[in-house]
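Note that chain A is present in both complexes that follow, paired respectively with chain B and with chain C.
On to the complex of A and B.
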């Protein structure tokens, strides 16, 4: 033992006369490095509550929780991450995976509190001194754990496809589909955005796991037109896809098509179409064999009802057939999809126009319930002079003829008036019919065009030329051609609604010639049958319904699709068809119960 | 302008305002009459709304007659000129919403034209100014209807 060891207990006694000295903060405060991974921050406006941070956290330190001032809505779950600092290891995987880049880390690292519960907190929601720190760790493009690029769909080259009505998109091959499906985060934000709430993450997962038969069943749970939608859906799901915030959204539409393409031959077998259907007492008449009507028919047959569809044309499909050209949705694809629905036992009366060949009142007496799904099949006309001049066509009627296989000669120069999807279908079809020049005249600006961006881009690639802030004022015949007097527009000052409306520029009148002018400025509903059964129609000509049940003012008569919503896309019509089937089932069941009780 | 209009004479502000009130009443009664003729209940509602608007216009003019002021300032109303290129149509018991709006816009344009004509024809400064204000009010009505046409009919154009 050394002398120091002997004396040290005695040297400790010198402390008894010293005043205690306490250091409140045991370390000297020093700012963390600029990219230090300190306490979390979250931009709660940018955050969409997708929960990917929760999924990736290896320590299960993150939970998605509701926040009282944040509401769920399109593209936002309404939840926000809550982090438990008793579990967090500050690895920053949550930051590196965040699809929107909202989650980050400040460079703050000192947090003294006597309440350990405080260390379970919601960044960006709970008020902390580092809440608005700019410094700290943020996701970089190089470190992003997600793949921002979608797998492109192989399509026909513009110079080739503008001369043919053959389908322009070739479809994904296996490797492409699996690669694209692997990008999905399974956050489910897309489900709410889809009007018919398809279980998108589940069918994408089925592709990854090569369970295509399961995938098909998942599709048919909510949508018997998945094959058509896999080609033409407006894809509200893609608009809200988490990846779409900083990269390409998942190509959900193409993945849907992949499942239906791969299972097309065995579809009826996989879905056990027509097998073991329940039998219920009750008959339903469906007026209009388009997407809304046939979807309702499919689900009503699956409930077990006897279903009869009344269709004014000699073929079913509605706007899917008569409004969408072959190069986007081949007729053989639509035909086989419709056949699956018919194979459930749906009866059809073709070439029958309700309201003319048979009255709505008669049908009301024949069936337990009716579903009106006649669409919006009348083209709106511009009330200008010369609209009836030969050579001036109505867009919807033109597309109807193309769908029936006609190939009219439009001449060399075609002007299409309008800016919606119908105008895009019309101008692209005009190209395919051999027109040398096709123009689209739209009264407002490009930014205001209601057509899908993809459609506009593809039209431009095919050589369609666009004239914005331009409108015709008068049309007349000039020899063999049409003389179209037009005027240029400019946007006025915002009005009380905040909207800037187009106003004609004085002195900007000009005249052009064309061989054909096609009006595609809107669609309206023919609801003249409504008065036959005292069904209320709105000022827009649509059938007035209870938005929750789709029932009209007349008990047992329901309406849905474009004829109720106004002109809209196929997926909304399909959603209405499914919803109507559910509420018609409830109505008939309740009616049957009432009859049984009163006997 | 027709011979009957050529024969119109106004000697006072009150006479002009009484004439304007009569015109608004005629318009109101026109819409009420057609509201009873149309079969579509939705269009009936539209025509009733138009009638109610004309009643409001009448009340506004009566207010001016009682000493109130016109509220619309010159330059405030920007003309969308949608109706300027319309072909003329007649009302029909099966008219659609689009046609009802066209008829209404036509009527407002007719009223505006009438007051402009009377303004031009008048030699009295006070009455000229009054006709100008009445024409301005009609342009406001036209703008309101054209805005509805722009929003509800020209959805894809």
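On to the complex of A and C.
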């Protein structure tokens, strides 16, 4: 034992002069670090209630609960996270996984409350001392656990596809489909947005787990046109996809197509089409063999009724056949899909126009129930001078001809008027017919165009040129060509639909020449048959129905699809068909809400 | 038979004997130490049985040692754990891989990051995920900071066990300075949940290197003070030298690792033996001792802190730029290919390992944690405690770096 060892420890006294490492709370406050993970904050406006935070929480600390002032709607479940801090471990995985980026954590250290109930609260809804804009842990792009990048669909090069009507998208390979399917969060926000409420997370899961047969069954539970929808659906589901808030939404449409493509050959076998159907007394007549009519036919047949479809063309499919060009929806695909529906035992009377060949009243007497789904088949004409000039075509009729295999010569320079999906189909078909220059004239700007962004983008890739804020005022013949007088527009106040109304700019008139002008500015419903059975129509010419049951004012006559909605997309028609089938079944089996009043 | 053996072991062994017996027969796997039943005649009044813990302040965490005393001298010690069993290994089998990530750090309170690192690297190995270069460097930085923090508190604990209370307070306060750094880096103080499969969660915040340097300087100053107050202290020397001698022959059969093994002169260090992360690119040596007693082990831990400080400076100086995290597949449905792996790292206490088994599903089939405490604090302690004074037991336990949460998982 040395003297040094005895004296040396006394140097500890030196430390008494050091500043102690303590905080004199509450005189002094110490702010948490910028990244500190304290209690949660939630931007409830941004939050969509997808529940991914609840899904990832390993402590089950998060519950999705309804909040008074937030209402469920398209793309919002109306629920918000409620967190139990007796369970929370402050790992912030919920923050890292949040698809919208609404969830975060404050950097408050200390919070004292005497009420144990207060430890379970809804961040962003319940008032707390910390604010949303305070510092604290927020998800960085690098820390985001989700994959915002879409698996791209292999498509034909624009230079190749603009010369052919062959289908432009090749479809996903197995690896691509599984990769895309694995991006899904299974939040189910999409189900509500889909008009026919397809069980999207379940069939995506089936792809991930390579259970395509189950996937197909799930598709046919709600949509017998899954294969066509897998190609041309307007995909309302993708508009609300949780991943779409900070990245690309899941390619739900392409995944649906993947299932149907892979199982196409064995479809009837997997679905046991036509086998062991229930048998029910009752017959249903369906007027119009488009998506709405055939969907209703499919489900009614599966309910066990005898179903007869009246179709004015010699082929079924309606707008899917005559309105959508081959390069988006090949006819073979549509044919095999319709064949599946027919294989259930649906009877079809082709080339029969109800209203002319047979009256609605006669049909009403023949069948227990009728479903009118004639669509919106008449192209709208523009009320301008020279609209009858040869060389001026109507968009729908033009597409109709192409669908029947005709390849009209449009000349070198084509002008398409309109901004909807029909206008896109027309202008892109015109490119494929060999037109050198195709222009789209639209009276508003690109932002207001009703066509899908994807279609506009693809049209541009194929060389279609766009003239916005432009409308024709007069068309006349000048030699072999057409002379079109146009005027520029500007946007004024928003109208009833919320879109800004175009107003002509005086003195901005100009003249262009073209070989062909195609008007694709809208469609109308031909509801002239309605009066034969005293069915009421609205002032827009559509059939008036009870929105809950799709029944018209005449008991036993239902209407749906474009002829009831006005021009809309296929998936709404399919949804109407499914809904009508359900209520027709209720009606016939006399269990429905109109049971007391009916025969 | 009953009291025959006990009378032989009553001599106080404060100093290592030169002719310590070679591998004792009770290392025979067919006759393990724990299975040897010794019975002491308590009714005779010669022996006294007491429980040391689980509420004893000198015990490192919630474990207890059942002692049989003859006077002040321990004649038998049995370790009892189970006060802290939370079933983490089993919990993980019911959680997706990403959901295990916030759990694993809780397996060991003083050194959570080693658990995070090992779980992440095990999963990465099975899934074939490549961590970006900078992510690997940051991981090494975090592990070294963690080692420094843990050992600093450990030094304080060791001192506190012998009544040198101020050093305990200095140690805890200086650990807190490092925890401040962790708070700045990760957002958490004790449990960081920072090393995630794929890399680390976020890049270093701005000015982090300077903040680290400030704390490292404080730590160096502290070590210099501790050198004077603790290692040149007649009382500490008198009590710690010769206490808890572990002969080098024990190291392998008992599975002793870390500073406890190196203090006996056995050069075992996973960082050198099986270089992981970037340890093969860093300049450092294995720190070896020879005396293998409590004093030597404590001294080695002090040296390890200084070594960690040197490593941290090297890492911060040479840190490459780039991304810190590899993109994982969607973690909500992340399936790891079937397989198994054992990954290991040198924690502050010794070798820590994770054995991860995947059956190809979204959930781990089995995760087994190998911690240094398990051998040090249970099997070895039972041997070392026999023959020492009861007053020295509290000093012996921290020298073996006992961490009950890691024993029990």
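Everything that follows uses one rule, which is that the second predicted complex is superposed on the first by the 552 of 599 C-alpha atoms of A that agree within 3 Å, B and C clash if a C-alpha of one lies under 4 Å from a C-alpha of the other, contacts with A are read in each partner's own complex, and residues count from 1 in each chain.
Following the convention adopted for this analysis, a residue touches a chain if its C-beta (ideal position, glycine included) is under 8 Å from a C-beta of that chain, and two chains touch if they have at least 3 such contacts.
Remember, predicted model here, so these are calculated numbers, not experimental data.
Enquirer: In the overlay, answer first, second, both or neither for which of chain B and chain C A:183 touches.
Expert: So A:183 only meets chain C here.
Enquirer: Considering only the touch criterion stated at the top, classify A:1 as touching first (chain B), second (chain C), both, or neither.
Expert: Only chain C; A:1 stays clear of chain B.
Enquirer: Quick check for you: in the superposed arrangement, does A:301 touch first (chain B), second (chain C), both or neither?
Expert: neither
Enquirer: Have a look at where A:33 lands relative to chain B and chain C in the superposition and call it first, second, both or neither.
Expert: Only chain C; A:33 stays clear of chain B.
Enquirer: Which of the two partners, first being chain B and second being chain C, lies in contact with A:380: first, second, both, or neither?
Expert: Touch partner of A:380: chain B, not chain C.
Enquirer: Where does A:521 make contact in the superposed view: on chain B (first), on chain C (second), on both, or on neither?
Expert: After superposing on A, A:521 lies in contact with chain B but is clear of chain C.
Enquirer: A:147 in the overlay: touching chain B, chain C, both, or neither? Say first, second, both or neither.
Expert: The second partner, chain C, only.
Enquirer: Thinking of the overlay built on chain A, is A:540 touched by chain B (first), by chain C (second), by both, or by neither?
Expert: Only chain B is touched by A:540; chain C is not.
Enquirer: In the superposed arrangement, which partner chain does A:495 touch: chain B (first), chain C (second), both, or neither?
Expert: The answer is first: A:495 touches chain B but not chain C.
Enquirer: Which residues form the common part of the chain A surface touched by chain B and by chain C?
Expert: Overlap of chain B and chain C footprints on chain A: empty.
Enquirer: Hey, which residues of chain A end up touching chain B in the complex?
Expert: Contacts found on chain A: 380, 382-385, 387, 417-420, 422-423, 442-444, 450, 471, 473-474, 492-493, 495, 501-504, 520-522, 524, 527-528, 530-531, 536-541, 544, 567.
Enquirer: Once bound in the complex, which stretches of chain C touch chain A?
Expert: Touching chain A from chain C are residues 95-96, 98-103, 106, 166-167, 170, 173, 176-177, 180, 183-188, 191, 193, 201-203, 205, 225, 228-230, 232-235, 237-238, 323-325, 327-333.
Enquirer: In the complex of these two chains, what residues of chain B are touching chain A?
Expert: It comes out as residues 39-43, 45-46, 78-81, 84-87, 89, 94, 96-98, 100, 102, 147, 150, 152-157.
Enquirer: Would you mind writing out the residues of chain A in touch with chain C in their complex?
Expert: 1-2, 4-6, 8-9, 11-12, 14-15, 20-21, 32-37, 52, 55-56, 58, 89-93, 96-97, 105, 137, 140, 142-143, 145-147, 182-186, 208
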